[in-house]
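One structure is given here, and the rest of the page talks about it.
Order as written gives the chain letters A, B, C and D; numbering starts at 1 within each chain.
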Amino acid sequence: MKKFINDPKAFVPEMLKGLALANPDTLTYDPKYNLIVRADAPDQDKVSIVQGSGSGHEPAHVMVVGKGMLDAACPGDVFAAPPTDYVVEAARRVQSEKGVLLLVNNYTGDKMAFEMAEELADAEGIKVKTLFIDDDVAVKDSTYTIGRRGVAGNFFVIKAVGAAAEEGADLDEVVRVGEKVNSVTRTMGVALTACTPPSKGSPLFELGDDEIEVGVGIHGEPGRARQKIVPADEIVDLLLEPIVSDLPFSDGDEVALMVNGLGGTPISELYLLYGIAHEKLVAQGITPVRSYVGEYCTSLDMAGASITLVKLDDEVKRLLEAPAEIPMRTF
Amino acid sequence: MSNDAPPADTNSSRLVDVVRLIAQTCVDNEAYFCDLDAVAGDGDFGYSLARGFETVLADLDQFDHDDLGAFLQKVATTMSSRMGGTSGPIWGTAFLRAAITMKGKSETTPDDTVAMLRAAIEGIKKRGGADVGDKTLLDALVPLTDAVEADVAAGTDAAGTARHGAEVARAAAEATASLQARRGRASYTGERSIGSPDPGAIAVAVLAERVADAW
Amino acid sequence: MKKFINDPKAFVPEMLKGLALANPDTLTYDPKYNLIVRADAPDQDKVSIVQGSGSGHEPAHVMVVGKGMLDAACPGDVFAAPPTDYVVEAARRVQSEKGVLLLVNNYTGDKMAFEMAEELADAEGIKVKTLFIDDDVAVKDSTYTIGRRGVAGNFFVIKAVGAAAEEGADLDEVVRVGEKVNSVTRTMGVALTACTPPSKGSPLFELGDDEIEVGVGIHGEPGRARQKIVPADEIVDLLLEPIVSDLPFSDGDEVALMVNGLGGTPISELYLLYGIAHEKLVAQGITPVRSYVGEYCTSLDMAGASITLVKLDDEVKRLLEAPAEIPMRTF
Amino acid sequence: MSNDAPPADTNSSRLVDVVRLIAQTCVDNEAYFCDLDAVAGDGDFGYSLARGFETVLADLDQFDHDDLGAFLQKVATTMSSRMGGTSGPIWGTAFLRAAITMKGKSETTPDDTVAMLRAAIEGIKKRGGADVGDKTLLDALVPLTDAVEADVAAGTDAAGTARHGAEVARAAAEATASLQARRGRASYTGERSIGSPDPGAIAVAVLAERVADAW
């Protein structure tokens, strides 16, 4: 393993410290609970938004804390849901009279931690609700498993609830908006390589030199099927088909189209995929009117990409267009 | 006690030593448990356990050792304050439920042991919605508990009971290899989860073996 | 090689097509000359800024075309300076009464292409000047070689001349600003892995599992020294020392600090490096007051990073703070 | 002509065939020339040459074959419109300078060949500021030209001259391995550029050998 780290155990705290040092005016960092909090939170006239999940998905979620998006993020260790205590502490820090919305990507560990945290926060008198994000079409809905995972589509849910909260919506309304956006968001990912968690020091799974893993999650867990690598045109088909047929999207729809890099794929390749996906959608009568190309939710250093579609209407468009000020700035 | 375990604290109950041994074993097996989880999961199982239990180890000697219920509750909350992932809530809940059964007690009878294990199992089931056969740590913990309960009822001595429980746990844990995961992260890989044992179940077997060794 | 590509020869055009499709309101793409041009260019009241270089450095430079930065980018093939014709055509497209500034990273091929292009454009009556960027301290100034290379620091030069041009500065003034920023900007990079150009299909050089390449360029060419990997703290020392001693920076200076990813390094590691570099600078009395963490100038899929420092004064600060609208947006 | 070369066009001069052969050889050796450049450079030398010369090949038959100066100028500008990197300006300038010496001519004498080569060399030196010993293609092209000039002066036949030039170019190109690069991208690696030959010099040797083979 070759990474820019000192000690695997210090990886997350050192990253968070760097994030806070780079954004001294807008973010604060609490090393005890791994918290990244907006410097101006809480705003008592606004619903506060909290997201927590394992680390290793940066910029999700610690780097989208800021005006118009999250009020606090409580990351866990790499790929591990945060301890319940961290979530409760995050809710405490940003509690507002209008309430706190906890956003959770739907995974076993996160679900349990956030459910426990909601109970504990509630018992402390904090007005709190929880919303699960599950946009990953790679996972079949099932009575057995916990159901679909939350992956790159979480960006859109955060963006929409963040915008609604800034507009002054109450907690129920913010939840409605979040559920709505989640319900029209679908993602499918593919990995070209496995990722290497700092504490493990070697790739999480082995992929042959000519193999790809289709339907991969963002935690380095293998996907549903392994196959030979194919040209980018065909990879886009592998990703788009399950998305488009799932919602379903149809002729005349306007969408937001995201091509998300999983951490190790250069942005040049992401734009290449974007162009292919855009044209294939247009050929089906689906029009991408908002585009998102880059890294939004990664899996450490994994080479790979996911495609997300969001079905747009006027309300969702308005919320996605709203301004936001987050560390992922470029100048 | 084995070499790795800290010297037995003569004022504390054997339960404290067992907890210490469990904690130390989890810390020692960090890499091994991570590797098990890398096969069909995300490779952090050992990391989560080690971070939680090293926190427990650091504070263990300061905990109240007289009221074993209070002791276990402190173990549970200490663990939970640092252990994330699925394991945080699952193991935290297990210790919390066990704590309730020991409230106010300063010694552990064989029946107490069975009661603690049963309470832990119920807590895990409630917390995670899994049951035997779903390829989780329950697939080792439940047969282990059944064996211990039967031995206790039959009057087997503690060392023999511990050894028997460890053997049953090991066999059951290895047998999870043939199961398809229906809970947790490994369930996403569908049929591909078949062929390798569940990390949580193997961890239960390893812990049971270390406890039996140390008896 | 596993990449999201169809055909290595189509890599650059397909990427550029995707970029244009993702930014239909602001960018146009001319496949004949590989040009990405601002949809509203030229503005006759503004100096136009053109940058060209090999591809493979994205987001540099095609993804910083937009208000406040470039008016046009004319990329060549991967790691190859653009043909002279492309540069001349870019100058033609955005020619303005106030003039055109050609920005060039200082490499043999680019230098020759841009010098020829300047002559040709001049002969056509286009008012044009050329500015060379050479911020890479890894290369020793020498009477033999062409001198220092232009690397990630080019972002700051583009940003500053773009802002000056938007403010209405004339061509000489824009050149002055660009030369000034270039003269106070220093960069040093390190590679953890070699990159794989699509047309080659295998890594450009071999690095051992525990080796790093210090002073690496952004074209996959090896650096000046190879050594064993060391903890992030020491890597930051390896990068900062030659930068700080070169300018020299001194006690009391305010700087912009950039940690730039080379393409395959996750942003989590970049923030970790940022935190370390920030604290080491502060310990020397140098204060980072503007931070840049992410990918600005990459080397395809290379895992690695560079650190750039810009010595700030009020003028440089003002130009760096000015707004810009480029495809590297996040919402 | 070798097998790879297109059938000789009987109306055109031998110079057109030589250009076609050079172009085809560059296209055929794309991967090999890239690999040479990967050692101390950035691995695109073969790619740049191939893209430029495939454009030349595509249009070659449409060019004016009567005025060889006009012909070479068209080759130069066509190449330059698509060939980037250092090679674009260097090779484009070389052909442009050669074109000037052939202005209005429809046949090539041995002296013309020498004049073209000398003009190309001067153009390359002017364009890139390099000289013999800096580890560039000049280190093969200059000795080759010296040998050709001497043979022409001595009255050696064309085939013998071509063969001799190729041998000299090959030896000189291989000898660049011992030089430290002082120009171009390879110069950044300092002493580490020593040990491998210059890609541009090797390309000159390969082209000279193919021309000699085809004579």
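Please note the rule applied: a residue touches a chain if its C-beta (ideal position, glycine included) is under 8 Å from a C-beta of that chain, and two chains touch if they have at least 3 such contacts.
As the structure is a computational prediction, the values presented were derived from the model and not from experiment.
*Asks:* Just to be sure I understand the contacts, which chains border both chain D and chain C?
*Replies:* Both chain C and chain D are touched by no common chain, going by the contact rule given at the top.
*Asks:* How many Å are there between the centre of chain B and the centre of chain C, using C-alpha atoms for each centre?
*Replies:* Distance between chain centres, rounded to whole Å: 54 Å.
*Asks:* Roughly how far is chain B from chain D, going centre to centre by Cα mean, in whole Å?
*Replies:* Going by mean C-alpha positions, chain B sits 74 Å from chain D.
*Asks:* What is the distance, in whole Å, between the centres of chain A and chain B, each centre taken as the mean of its C-alpha atoms?
*Replies:* Centres of chain A and chain B (C-alpha means) sit 32 Å apart.
*Asks:* Mind pulling the residue numbers of chain A that touch at least two other chains?
*Replies:* Chain A, residues with two or more chain partners: not present.
*Asks:* Got the chain B residues that touch at least 2 other chains?
*Replies:* Counting only residues that touch two or more other chains, chain B contributes none.
*Asks:* In graph terms, with chains as vertices and touches as edges, which category applies: line, ring, star, complete, or other?
*Replies:* line
*Asks:* When you check every pair of chains, which ones turn out to touch?
*Replies:* Touch list across chains, by label: A-B, A-C, C-D.
*Asks:* Mind pulling up the chain D residues that touch chain C in the complex?
*Replies:* Touching chain C: residues 30, 34-35, 38-44, 47-48, 51, 80-90, 92, 127-128, 134, 182-190, 192 of chain D.
*Asks:* Along chain C, where are the residues that touch chain A in the complex?
*Replies:* Touch list, chain C to chain A: 2-7, 11, 14-23, 55-56, 58-59, 63, 68-69, 159, 192-193, 209-210, 212, 229, 231-233, 235, 263-276, 278-279, 288, 291-296, 298, 300-301, 303, 305, 320, 323-324, 326-331.
*Asks:* Given the complex with chain D, which residues does chain C contribute to the contact?
*Replies:* These residues of chain C touch chain D: 9, 54, 76-86, 107-109, 112-113, 116, 138-139, 144-146, 149, 197, 199-200, 204-205, 217, 219-224.
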